[in-house]
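One chain, subunit A, appears in both complexes that follow, with subunit B as partner in the first and subunit C in the second.
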Partner chain A sequence: MTSASNTPVIPRPEAVPPPSLGRKLVRHFLTRVLFVVAMGLVLVFFALPMLWLVTAPFDGNPTLAVRWPDWTMSNFATIADNRYAVGALRNSLILGLGTMAVVLLLGSLAAYALSRVRIPGRDGLLYALLLLSSIVTGTAAMVPTFQLITQIGLINTHIGVVLVLSGGVLPTVIFILKDFMDSIPKSYEESARLAGASPFQILRHVVAPTARPGLAFVAVWTVVQVWGNFLVPFLLLRAPEMQPAAVLMYTFYTEGGQPNLRLLSAFSLVFSIPVIGMYFLVNRRYGFRFHGGIKS
Partner chain B sequence: MLSADPPRGVRRPRKRTDDVAGLGHARAGLFVAPALAIVGLFLVFPAVWTLYLGMTNYRLTGLAAAEPEFVGIDNFTQALGDDAFWSSLGLTLVFVLLSGVIGQTLLGFSVAWALRHVTGWVKTLIETLVLAAWVIPASVASFLWLALLDRRNGTLNELLGTDGMAWLIEYPMASIIVFNIWVGTAFSMLLFSSALAAVPPSQMESARMVGATSWQQLRDVVVPNIKGHILTNTLLITLWTFNTFTPYLLTAGGPRGESEILAVYIYRTAIPGGQLGMGAAISLIMLVINLVIALGYLRVARGTGTKS
Partner chain C sequence: MSAITTTALVKEYPGGVRGVDGIDVTIEDGEFFALLGPSGCGKTTLLRSIAGLEAITEGTLHIGERDVTNAQPGERGVAMVFQDYALFPHMDVGDNIAYPLKIRKVGRTERRKTATGIANGLSLDGLIERRPGQLSGGQQQRVALARAVATRPEVLLLDEPLSNLDARLRLEARTFLKELQRDLGVTTVFVTHDQAEALALADRIAVMKSGKLQQLGTPREVFGRPLNTFVAGFIGSTPMNLVTTTVADGGVRVGTATVPLPATAEGKVADGAAVVWGARPEYLRWSREPVDGGIPAEVSVTENLGASVLVSAHSGDVRLQLVLGEDDEPSPGDTGWVVATARRSLLFDAATTELIG
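So, the complex of A and B:
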């Protein structure tokens, strides 16, 4: 039976004599108000800076202030007109996919071997690597990294950046992938081997397909890391036509003179959307994972 | 057809039951080697090399670039005797404490705590915004804040009616601290909301039954339950905040070095300043601090026996 709305609220029996109903209601109400105000403040704090990113790109004459846009899509055309903008996005893609390829290939081979073969000192090695990757950050190692890449002649090349970034994320990647591979039942490989498959065939046709969720997670995670990375390409790439979007973005607003806000706003949005999209995709599909060094 | 799970009797006794694909040690080594080579060359080697570079007078240009000399611990004594270094270290400490340990952790926990029973669009909206701030590329996030804090057209001045206030020049440290809280709160929020979800409801219920206030529940039930998470959070946040370079994009260490945290100090010394040897010496100090933080974490984590 649906209860009528005018029946009084019956307090639940409790071990401790409750304060009078009136006081309780007032307190409840005040807590509620406080809660709403606090959440409102949090919302404003996080939304306020972001409003510019969703209004300015569509404003025919954007300023630094947030305001209702004078709707247009023409700002996005300025990206194509800029000498470096499209190239920078392509460079970001090259660095992201390049690092992803290196890390996936080397990481999955290493993770598989470490998962299946009892190499002496395996666990110690894994933890040492993980510890190292959280200590030797891009910031703390910028001077020797710069010097190393200069000496081996990879300064101002994408390969140099890809190698440095790969070295930084590989320990985490191996750790994550080993976790995934450990959870794959060994009986699959056993059966394949009984059927006469070589280790490489097993890796390609049995392990890789079963570990696909892990590989996909690592792939997206790596691209997200590289896409937003500023310091490493900023240090190692000097020529503007080599620089990825993260660095070009910075150049846009630090170059002398008034920044071109139509270009800047449209470029910011185009540059941010892929990474936001990928991140929420991963978050939705795999949930949030704590594997240390999620963002460095 | 492959059988998924052969009966036990069929399995022959084998020396290495783990190695089901028949890799063997040699091939396993080959599989691991390329990854280790990359990590060794581009992660381990630079760290070790810092030790040597820090003892030279390497410069980016000029004579000392071509033929650097070994100067021993000169760089270290010079750095440790330099007021700029100590002021930078002090600023870094304030930055890590206020923006990381206190700001991100408290805000992240509060949001997770406040939203623990909330469902629906409010939760989704707040979580999405906090996460977006974390995910947006640093150089975009920095510009968003430059726009927000702009002297003439900034939205903040418009809202507060403080026209002409140059936040980044008047309050550079406060600006980068608030900025870093904005960027990094997501991690603490996500960590704590998954930690809070794992607190046994029965314990919360019993606490409520005996009339514990929210504060008492928090102190006596929640905190003991999520101790491991608090530890993980604090140490990772400390490490990340200590190593972040993003404030450079906002203030470039200025004005007059007032927001020059250690990361920025190293960059300005080594790259635009050209003193690579000196920069390496300070890098080494930074690496040692990182090591101390990480080892301290490992020790405490092992001591309490909590899962990291």
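So, the complex of A and C:
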């Protein structure tokens, strides 16, 4: 305080000089580099298994390491050599499409009914089913499921597996489809009713076509679920010629007890292609448009 | 032949709410009939009951000679145009129009031919292959109409047919609807909350409130002689002046003056009776000179309505509104006399709100 006067001196805020352009650039550059390096590490962590899946099948002598392959197709020949490999892919297809058919039919009927009929406690019922659904195909119900299917004589049949898997995915499917069907205006159906259409005609002509994106999504989702399911077919299918691909892979060992990486890598790639292909197909045809909120 | 008769029709919702509460109406064959009322008055419920989309709780419904109280919607010979048109988005215009024919198992080529014929009749030429999403609002409405008339129904039901169109298109569609109905001669019932729409379109109007019928009559009757104060206030683009007052000295006290009794109410009321005096703004005149039976008033606000002016004038604590031609309009602050014609004013009972005369 150099001023002698009593009036308080309000200090003028000292203008902070802006950081020089050079320093600013360096700091910006450094943060960018750190960010990119960190993201790169995360990316590598997640991408390595994928890279292995793509490169190892083409490597004449694959190991668990990711490396530049020598581009041979000989590994794929081992699939044909394996007694069960091709059959297993066919079994996977049967189980996937079978479950899809059951789920689409029952799921759309149930979702339509639940969407249009007012039952007290309807939402509670749906949420309870949704919660319990993971148990049906889960480890907890392993023994009862096995016993039930044995008792009704469906052990070692594809039908048994299809039924159990359908039971497992149906609650989620109904939940998703109900959401789609809720978004269809009631006046569409009333209009069809006035034209004299029966409930089944309404479902076929009006509701199903309008809910088609939902049905497509559910179909793909079901196949993917079944395609990758290990536990249920492993439990219920005893004969190796009945087992789907996901279970068969578990038996790919050499005589020496080592994983047969040549067969395993090639088979894994073949195993994953249909799912990826299906996604692109449906995405192009229906575009995965979601009308309602999807909870899955 | 295909008149609609409802007898003591009741639609009760779970919980005891009555959407339609004892309606007796006969809609004549070929009539253009309006159900008019504020939101929640039960007009749409009544329409949906006729369509069969709502189950009737009590009473009966006849279409022509047939009792259709419990018939399925498809068996009643009715067609309906929904407020949102309810066109199927996955079918093209032709398939939409022909959908009722498809249900009746008409062959595909025959269906297509009929649909094209109807579409051309409703100036939808060249739009047969389009999807509803590619059409304008007016075109969508005409497609919905085409689908409704495709099966030559006995009864055509329209739920708020003009409410989804913008103001300019609405007028065009209104004339179009009236022409179409005249051409087809089909018994038509439509629901609206817009009194101007009802007055313009309908042969007869049923005014509803809280599920009950308030008045049934031609647009002229409903406009000129409303049976109670609710109808009086609801009908008319500018609401009727309704003044709660008493009868005195063989006249009615309105503001600071006594006006003569309406011609039709003479001899029906005694001095001291509590009444509501009603006069439409269109039927009031403004005078700068004292007039016998005129109400001295001061203009507070004027609102321009285009070719006419809505004038608000105060007499004592009573506010009166007048619709005047654009030439002799007073300005705010002017004083003068509001003149009511005895022939055009009405008197309602203040207690029951019903028309005395």
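The criterion applied here is as follows: the second predicted complex is superposed on the first by the 228 of 296 C-alpha atoms of A that agree within 3 Å, B and C clash if a C-alpha of one lies under 4 Å from a C-alpha of the other, contacts with A are read in each partner's own complex, and residues count from 1 in each chain.
Note that contacts are C-beta pairs under 8 Å (C-beta built on N, C-alpha and C of every residue); 3 or more make two chains touch, one makes a residue touch a chain.
None of the values given here were measured: they were computed from a predicted structure.
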* Looking at the overlay, does A:38 come into contact with subunit B only (first), subunit C only (second), both, or neither? -> first
* For A:170, is the partner it touches subunit B (first), subunit C (second), both, or none of the two (neither)? -> first
* **Which superposed partner A:185 touches (first subunit B, second subunit C, both, neither)** => both
* Which of subunit B and subunit C A:143 touches, first, second, both or neither -> first
* To do: Mind working out whether A:275 is in touch with subunit B, subunit C, both or neither, as first, second, both or neither?
  => first
* Check whether A:22 is in contact with subunit B, with subunit C, with both or with neither, and answer first, second, both or neither. => neither
* Which holds for A:209: it touches subunit B only (first), subunit C only (second), both, or neither? -> second
* To do: Would you sort A:124 into first (subunit B), second (subunit C), both or neither based on which partner it touches?
  => neither
* Structure fact -> Between subunit B and subunit C, more residues of subunit A are touched by B
* To do: Look at A:196 in the shared chain and tell me whether it touches subunit B only, subunit C only, both, or neither; answer first, second, both or neither.
  => second
* Residues of subunit A that lie at the interface with subunit B and also at the interface with subunit C -> 185, 187-188, 190-193, 195
* To do: Name, in rising order, each residue of subunit C that touches subunit A in their complex.
  => 51-53, 72-75, 78-80, 82-84, 86, 88-90, 99-100, 102-104, 147, 151
* Structure fact -> Seen from subunit A, its contact residues with subunit C in the complex are 185, 187-188, 190-197, 201, 205-206, 209-210, 212
* Structure fact -> Residue positions on subunit A within touch of subunit B in the complex are 14-16, 35, 38-39, 42-43, 45-53, 56, 63-66, 102, 106-107, 109-110, 112-114, 116-119, 129, 131-148, 163-164, 166-168, 170-171, 174, 185-193, 195, 199, 202-203, 207, 224, 227-228, 230-231, 235, 245-247, 249-250, 253, 264, 268, 271-272, 275-276, 279-280, 283, 288, 290, 292, 294-296
* How about subunit B: which of its residues touch subunit A in the complex? -> 2-6, 16, 18-25, 27-29, 31-32, 34-36, 38-39, 41-47, 49-50, 53, 58, 107, 110-111, 114, 122, 125-126, 128-148, 150, 152-156, 158, 182, 185, 187, 190-191, 194, 209-211, 232, 236, 239-240, 243-246, 249, 263, 266-267, 270-271, 276, 279-280, 283, 286-287, 290-291, 294, 298
